[in-house]
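The data blocks that follow each hold one structure.
What follows is a pair of complexes built around chain A, which joins chain B in one and chain C in the other.
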Partner chain A sequence: MFMKSRSRCSGSFLKTPVIACLVLFLTASLSARAELLIRITEGAGSAIPIAVVPFAESGSMPAGDKVGSIVQADLTMSGEFRPLEPSKMLSLPSERSEVYFRDWRMLGQRYVLVGQLTRNGDRIQARYELFDVNQEKRILGETAAVPASNLRSLGHHISDRVYEAITGAPGVFSTKLAYITVSGEGEQTRYRLQVSDVDGKRSKVRLESREPILSPAWSPDGKKLAYVSFETGKPVIFVHELATGERQKVADFPGLNSAPAWSADGRSLLMTLSRDGNAEIYRMDLASRNLTRLTDHWAIDTEAAWDHADRGIYFTSDRSGGPQLYHMERPGAEPRRITFGSRYNARPRPSPTGDYVYYVHQRDSAFHIARTNLETGEETVITRTGSDESPSVAPNGRLLIYATRQNGEGVLTVVSADGGAAYSLPASEGEVREPAWGPVTR
Partner chain B sequence: MRKQLMAAVLIPLGLGLAGVAHAQSSTPAFQNNSSEAQRKAGNNQATAELFYMIQQLQREVRDLRGQVEEQQHQIGRLQQQGRDRYVDLDQRILELSKAVESGASAAQQPAAAGASADSGRLKPTRVYRSPEPEEQKTYNDIIDLIRNKKDYDTAITRLYEFVDTYPEGDLTVNAYYWLGEVYLAKPQLEQARQAFTIVATRYSDHRKAPDAVYKLGVTLDRLGEKDEARRRMTSVVEQYPDSGAAELAKKYLDSAQG
Partner chain C sequence: MKMSFSTKAFAMLLSAGLVAGCSSTGENMEEGAYGSDVAAIDQDGGSTVYGGADGSGVSASELTDDERRAAQEQAEQEALRDITTFYFDFDTSEIKPDARDVLVAHARYLADNPRQQVRLEGHADERGTKEYNLALGERRANAVQRFLIVNGASRGQIETVSYGEEKPAVRGSTESAWAQNRRVELVFQ
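After this line comes the complex of A and B, so read on.
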């Protein structure tokens, strides 16, 4: 009963008690920095061929991954590109005059990215150009500079620019992921809230606790995380300022405090509270801490998220027997049910463009991530794994991250929003779960 | 969570029952009852039973709610499917009949014109372009939509398409007139007023004009603009004294006065 109440307290309709997940596949050693390793499991058939030529370098460069290979990895990860291996390139140009389009056409490439890096004191400057091979035209030509210690950010930035120039959608390679890792056993069990790049690199532990941490949620400016921590023995919602490490207890009411979600202006949080006796959804104004109750039903209402227009909310409710998704057009409106395909649909996450909502969906005793087209009501299951939870949509709406199990270990998997390409991010040790995709910050 | 819920329900329920018990204890029947302890035990049992009943009812309500939501959803889908099928079928029939027509010789008399809503007796002073066979056919289809199938929404769309495709013809005026009729039937009175006004002002010499002015009067009457309505009716009687519409307008004026 205790475990059951805990999983309920997380504010999510978890199908397995939290604790049960922890016992499996734990490693004895403890590391404060459990890195995520990237493992590409599937490529998209219609990926665009692009040649990312290793960048020319002048001056001493920091050790570690080259900018070119970071860009190449990013583009591969998106599932929308198929970069050419550098060993197959006929030449390694670094500027326009050295690019022979005929050669690249022969190699079947649609685009070529060339560039050069120059060391300038403690900064590194990049000049890069993107060419359309068929039209023999330059479609991007830019410079960017970063501190020498920040070569990864430069790589991700260039990937974003290339992605946007070709697909028209903003790239998300410079965004961050937040997730929870679990390692150790019994007394040694540690929960860590971590933040990393989208490729799992440069992960940092932001909070470590002996008690569960759940439901991280990014503020729209990417500077804060809200989450639920059990460190005081009961679920409490904190807001954590990433730059300073400063934490604020924002919801510590009797009963459960769970499932925080930010409004687009970052001024208020949606949350599930049972202070009035039953799990209901509230909006808290963060400056005044004033609460507004948004739902009123004796069934459980939880896991709220603002819709893309920031006017209404999606949430999970079991008012019709099992968990189903509802949309409340504006606070106070009669909630309208939007999922009908099965007895279990939970944890809604609307796409930023407002055309889809993603959620956990049960079919034949397996849990998948599915999405519903909000205009046609058509439901599509988009994951092929079978114990999937916690979907989180990338800010450009093109990718989706979720937690699942692979060979018995808890991993994060990224798929394209239509279910095409996929890569997974296993923790180098222990379990990883509850991913939250951060916003695009400029 | 269940426990919490239970407690939340149980406490107010217990209080409520205690209140009831109090009220009852003032009645003689209850006083006749035996010891305090027995009474309490009875209360507890009643509370438990009530609680159990509420739980059962909640479960039942949830299931029913689920069924209602699902059936609502299914009905919505069926309605949509029905509409889609109809439009699809209509499209196919139209294409088929077009193919049949173009196969046959184009020497088809627009004899069907009589079947349309022509009641005008006035001779047009301006010569309107007579319809092409295909134009006539499209027109007849639309009238069929209105008269027999009562599919007003589709008819409205098709009427707009018709006046776009075949402008400034004899049937164009009819189409505007029918647009007014359909809007009046829906009723979307503002749109009806506009459509009838087009016929009444732009095509005042057309045989449909008397009917249109009369119907404009009816529309205005329904919009509550009684004076304006009476003015139109009077103008029908004065401008088109021999028309059927004038008879109707007279009736309106008589009843309005009476």
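After this line comes the complex of A and C, so read on.
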């Protein structure tokens, strides 16, 4: 069920550096064929009890999941909350005057969320209030409105507000994931770059190709993805505007063009190129396409990411004999090695607050996600699965998504940043890999 | 690929000289040292051998001993060239000693057929990170490229590409699958 591609594929188009449409089918939107399913595997013991009361409704509501159940699922998914089943509720209040704190205390709840939805033409408005049960106090009271077709966005928005009111950290339920799915074998193999909600719902195929697609990376405004595509027979870096489907080929040098990573201002990309002989890290100014070389070593240097201060970079280098993480304090500075715990540590991803760096770590024969505390240098392995790859930190620093294998199939798993609670997102068909957690956009 | 007999003879005698050269240099030499040794044999061995094989017995019905030996060696070289995939140890790009004779045969073939193009496709197993593996696949392809050039192929004949861990030869997460996936494939075009 292909919808009309919104990218232009005319002849003159190919003469410009803006490229598209050779061996692949661009799709602005596609069926849910490779939808991710959600499977909660583990909840943290310390999860906070909260009652998300089903919202009262006036006027006709669209079919599908209710706002209350979306919020409940989001909070459960975070691993930090343990929502009460609606069937155990003694009453279903929708505003403050109907909330009897004693009842909720008796049910062991610390917070209660109530609300009402009103249909207003094409839009649906929500009024919602969050109460602290012990203090008998309202800690959040707001209204929000969305087009009727967009109830999931409303649910995720409310989850974000509740999460922030209670934990103090911004919620990430309205953010997006980008990932690659692979299905079919041999000639039938198809690689798809997809974007979905963080619960795997509302997935859309953004690019489909017979050749591998790798390393999706979100621009800081969430409007573009950079990635590596083999559609021309070799790795080439593209920047893809999500709203229009327009793509630009930004790096197509001889040899490798890989591992794109955006700067915080969205104006430049770090990338790995081997145009000067072997894999080195460069910074490309996107407006001028000017390149600045940042590393110069006979070893492999790759997988660069800006540090949280956006001044220096983390990267992988095998200059010590095997892949290890390095930090370059500012471009041109002497890199400092930061991992020593095992013979294989690669693909650094710093937390947004700068306290940790996450990476792929080999221990015995298995690959896990580990993190190093940048202050103390202490290393902790945070995943228990064994073929773990591609860590990507949520923009609030509290969750991490990575790719792993379960029962022989590739799945994405989300864990809390310390490795506690988890949920996984298996593909309904084929494999899913290379998750990239999108930014918070307002 | 069609060749005249004399060209073939030239090629096979040349390779025979090279193979002899290799076995005498030993297997545990550094790649670079090994390569330059072979290149030296190439330079002074080539024209002499050619002079011997040229002209005489092409139209004769009986093969001389030299020609019979040459034909046999030719067959051996062709058999060697049936092998087009070369394997590597985990996280290394070192060409294994047992791959060298075969790669020398390919290099000679390329030297003798300057219009022949080859694409070297470097691969890694699934373990470790995708982007590092992309660089590792490239390093493997580059190692093979250097070896072929040192042994007579020219740079313009060779194109390299790395697929990293994206195109495994064998599916599965076993030692045996990994070993078969850490490879460089020569694709003649």
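Simple rule for what comes next: the second predicted complex is superposed on the first by the 409 of 442 C-alpha atoms of A that agree within 3 Å, B and C clash if a C-alpha of one lies under 4 Å from a C-alpha of the other, contacts with A are read in each partner's own complex, and residues count from 1 in each chain.
Everything that follows uses one rule, which is that a contact is a pair of C-beta atoms (placed from the backbone, for glycine too) under 8 Å apart; a residue touches a chain by one contact, two chains touch by 3 or more.
Quantities reported herein were computed from a predicted structural model and do not represent experimental measurements.
Asker: Could you let me know whether more residues of chain A are touched by chain B or by chain C?
Answerer: C
Asker: Going by the contact rule set out at the top, does A:303 touch chain B (first), chain C (second), both, or neither?
Answerer: After superposition on chain A, A:303 lies in contact with chain C alone.
Asker: Just chain B (first), just chain C (second), both, or neither: which does A:274 touch?
Answerer: both
Asker: A:434 contacts which: chain B (first), chain C (second), both, neither?
Answerer: Second partner only.
Asker: Just chain B (first), just chain C (second), both, or neither: which does A:360 touch?
Answerer: In the superposition, A:360 touches chain C alone.
Asker: Could you tell me if A:389 is touching chain B, chain C, both of them or neither one (first, second, both, neither)?
Answerer: The second partner, chain C, only.
Asker: Contact-wise, after the overlay, does A:130 reach chain B, chain C, both or neither (first, second, both, neither)?
Answerer: Touch status of A:130: no partner.
Asker: Touch test for A:230: chain B only (first), chain C only (second), both, or neither?
Answerer: After superposing on A, A:230 lies in contact with chain C but is clear of chain B.
Asker: Touching A:212 in the superposition: chain B (first), chain C (second), both, neither?
Answerer: second
Asker: Could you tell me if A:347 is touching chain B, chain C, both of them or neither one (first, second, both, neither)?
Answerer: So A:347 only meets chain C here.
Asker: Residue overlap on chain A between the chain B contact set and the chain C contact set?
Answerer: In chain A, residues 255-256, 274, 278-279, 300, 318, 322 are touched by chain B and also by chain C.
Asker: State the interface residues of chain B toward chain A in the complex, per the touch definition above.
Answerer: Those residues of chain B that touch chain A are 1, 3-5, 8, 58-59, 62-63, 65-66, 69-70, 73, 77.
Asker: Contact residues on chain A for chain C in the complex?
Answerer: Touching chain C from chain A are residues 212, 214-215, 228, 230, 233-235, 255-256, 258-259, 272, 274, 278-279, 300, 302-303, 316, 318, 322-323, 344, 346-347, 360, 362, 367, 387, 389-390, 405, 408, 434.
Asker: Within their complex, state which residues of chain A touch chain B.
Answerer: Going by the criterion above, the answer is residues 1, 4-5, 8-9, 255-256, 274, 277-279, 298-300, 318-322, 324, 337, 340, 377.
Asker: Once bound in the complex, which stretches of chain C touch chain A?
Answerer: Within the complex, chain C touches chain A at residues 91, 126-132, 134-136, 138-139, 142, 160-164, 166-167, 173.
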